[in-house]
Amino acid sequence: MAERADPILRTHDLHRDFGGVHALRGVDLQVRRGSITGLIGPNGSGKTTFFQVVSGVDRGASGEVWFDEQQILGLKPYEIYHRGLARTFQLSRVFPDLTVLENLVVAAHRHDAGARERALGLLERVKLQDYLQVRGENLSYGQQKLVEFLRVLMSEPSLILLDEPAAGVNPTLRQTLWDMVRHLNALGTTFLVIEHNMEVIADLCTEVYVLSDGEIVTHGDFAAIRNDERVLEAYFGKARIPVAEHGSDAHA
Amino acid sequence: MPVRQILLAIVLVGIALVIPHFASDYHVSFLVQLFMMVALAQAWNLISGMTGYVSFGHAAFFGIGAYAGTLLLQAGSPWWLAILQAAGIAGLVSVPLGLLTLRLRGPYFAIAMLGLNEVGRIIATLWVDVTRGGNGITIEPATLPSLASNYYAMLLLAVMATALTAWVYYHRFGLELRAIREDEGAAEMVGVNTTRNKLTAFVLSALIPGAVGTVYAFYTSYVNPSSVFAPSLNIQMIVMVVLGGSGTVWGPVLGATLVTALREVLWANFPALHLAAVGGLLLLCVLFLPGGLLSIGQMRKRLRAELAKGSGGG
Amino acid sequence: MRMPEPLLSIRDLEVSYGAVRVLFGVSLDVQAGEIVSIIGPNGAGKSTVIKAVVGLVTTQTGSIVFDGQSITNLPPHRIPALGIGYVPQGRIVFGRMTVADNLELGAFLQTNRTRRQQAVERVFEQFPRLYERREQLAGKLSGGEQQMLAIGRALMLDPKLVILDEPSLGLSPKYVDVIFDHLISLKQQGRTLLMVEQNAARALELSDRGYALELGRNRFSDSGNKLLANDDVRRMYLGG
């Protein structure tokens, strides 16, 4: 897991305004090549919007997004995908009527024999090789999440955005996923992970960015930032001076 | 494509090729209509069954083809050229139309297409100088192809439409279309150029009815707005594919055969019942057999596989 | 002094979504006239507790007692008649209907037209802003106004207990103040409030008591102020 100095993803002054709601207010973020970087922050802080913008789904943002030293802001999602930036979703979006094999092959750059082999290889790694011809909708939720994860691996991306990979997933499956993430990372794939589960962040990520109210509050090693007052405040909220009149206990 | 299916296709086409030699005109006419329905069903299947953009107005391209072909024939084109040219015109027109309508989702797309069909019908009715309006155009028999020629033309179109569907289905393009149908957003996210794919499917699905419409016009030697921009044709296209098996290669063939046969039977004895019967079939299908008749075979296969897995000690 | 029976009493609540267990035995009490907040990090199960009370999710084991009556697994449509007003997460209003119509819908159980009118007027008194906008389409209101409308609708049947799921979510800081001031006013009217809030600090400020949940279990419970000052509670959000 050798981290290189140059960032594989760099955003500069990223702004996204939804008619009055400032979801992103000048986000500056760098993901180091070869790292597993975390992106945390309370609900509504703009994490999902950030992913939507970087992956090309949301094309209404202003600012700069550099992937591999190429500007990608404004490109369509499929173009960004073919350049090597892939993304998973919080809720599984496996294609229900397509078989597992078809689900994987459609995501490859070229739908050839090589793609089928790669699909089979990936399925064997997670012991799902018997499910080649099973339709997506007939898989259990955990299996769907796995297949969706494998799907983005089909194009061998250099950067993968993981959107709450632990959500709704049992501990055994989670372990399988983390093993794959670490293995891929060791081979050079960079990950940017959104997660609410702090154990996951602590376990996997070498560096963490904290987003609150559309801005990066701080970033660094998770152990360091978790004691940062600003981060605590981002999650817990900022209290005003309590007003005595509504009859609560005397302030200690 | 599975060898068995190719062999079946060859056998069917082989039989179809020789039929005119010993069948009556009545039977040949029936088959002309059957081949027409197969071709139309496959066209609808391409954009609606496989891509998931359900069109309620594909007769629009049938009508455009019928009029274009007729006018070209009258302008001097040989009948076979007129068919190609009319298809080309339908295809050309479908490009800007597709760019507009394919931005719409589900029900809105369906209704937009319905609207287009109506627009076509109205233009044909009002543009009297060119189309003779509601009176329609009666074509000079001298320039028309014979019944046999019409028969082979329709057969060719049905075969080409089915072959196109099969090719699409078993290749990358078909997989991408089906992914778009399943979840367009997710498809985009795994590298599928949804805009280009949708538009291509749309144009292909317009070319076929364009050609078919022309042959139909030649076959009936008469064209008028309500007969070619026909709402009932829209409905039949939907029913045939849904009944047979939407999104498959043979489903539309099966559905077209059933609907055409049903029509023949009812037309003779209970003409008024025809649309009601077709509508009823659609209802039953949607409620109880959404995968169409072809899915019965799939269900049996799956059941057998399940039973085998269970006893094998999963 | 004997503690009066709580207005709402939840004991050992266990809830699962399919095969995924979300609550592992949560208990809490809400006394009449109190404001109680449920706080905790994402995934703690806060919203699930609320949804179990109003019947939107199935309770596997445990009991929920309201006003002396067991309401465990009561279907949601029976809840309003008991005197519970529910304000779901996300400012759910009927966008294509006017403010006034939205409110009327909140009282459809009230068959007496006069009483319905009175209820609408009461809500307008509480939220003058809504009165100003009564003929506007709900979809055109600002986030804060929509939240007021959602609360107003829940008030239409004059509930004893108002349950709110993340009332401050997505609101600008100014509107959070406005909404929270209204909540205090509701308490002064004698209503009881139970709320799930993401903005823990602000919620605890105005709450009499709070419950902090973590991973589907009770972790801390105390008065609002004491929880606010508790370092462990704050660290709960960032692990260990």
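For reference, chains read A, B and C in written order, and residue numbers begin at 1 within each chain.
What we mean here is this: a residue touches a chain if its C-beta (ideal position, glycine included) is under 8 Å from a C-beta of that chain, and two chains touch if they have at least 3 such contacts.
The shown structure was predicted, so the numbers you read here are calculated from the model rather than taken from an experiment.
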### Query
Can the chain contact pattern be summarised as a line, a ring, a star, a complete graph, or none of these (other)?
line
## Note on the structure
One chain's C-alpha mean falls closest to the whole-protein C-alpha mean, and that chain is A
### Query
Once you count every C-beta pair in contact for both, which comes out on top, A-C or A-B?
A-C
#### Entry: Chain centre separation (subunit B, subunit C; CA means) in Å
55
### Message
I'd like to verify one number: the distance from the centre of subunit A to the centre of subunit C, where each centre is the average of its C-alpha atoms, in whole angstrom.
### Response
32
### Query
Taking each chain's centre as the mean of its CA atoms, how far is subunit A from subunit B in angstrom?
43
### Task
In the complex, go through subunit B and note every residue touching subunit A.
171-172, 175-176, 178-179, 181-183, 185-194, 247
### Query
Which residues of subunit A touch subunit B in their complex?
55, 57, 76-78, 81-82, 86-87, 89, 93, 95-98, 102, 105-107, 109, 111, 136, 151-152, 154-155
### Query
Within the complex, which stretch of subunit C touches subunit A?
18-20, 35, 41-43, 142-143, 169-170, 184, 187, 198-208, 223-226, 228-229, 233-235, 237-240
### Query
Hey, which residues of subunit A end up touching subunit C in the complex?
20-21, 42-44, 141, 167-168, 170, 196-199, 201-202, 226, 231-233, 235-240, 242-243, 246-252
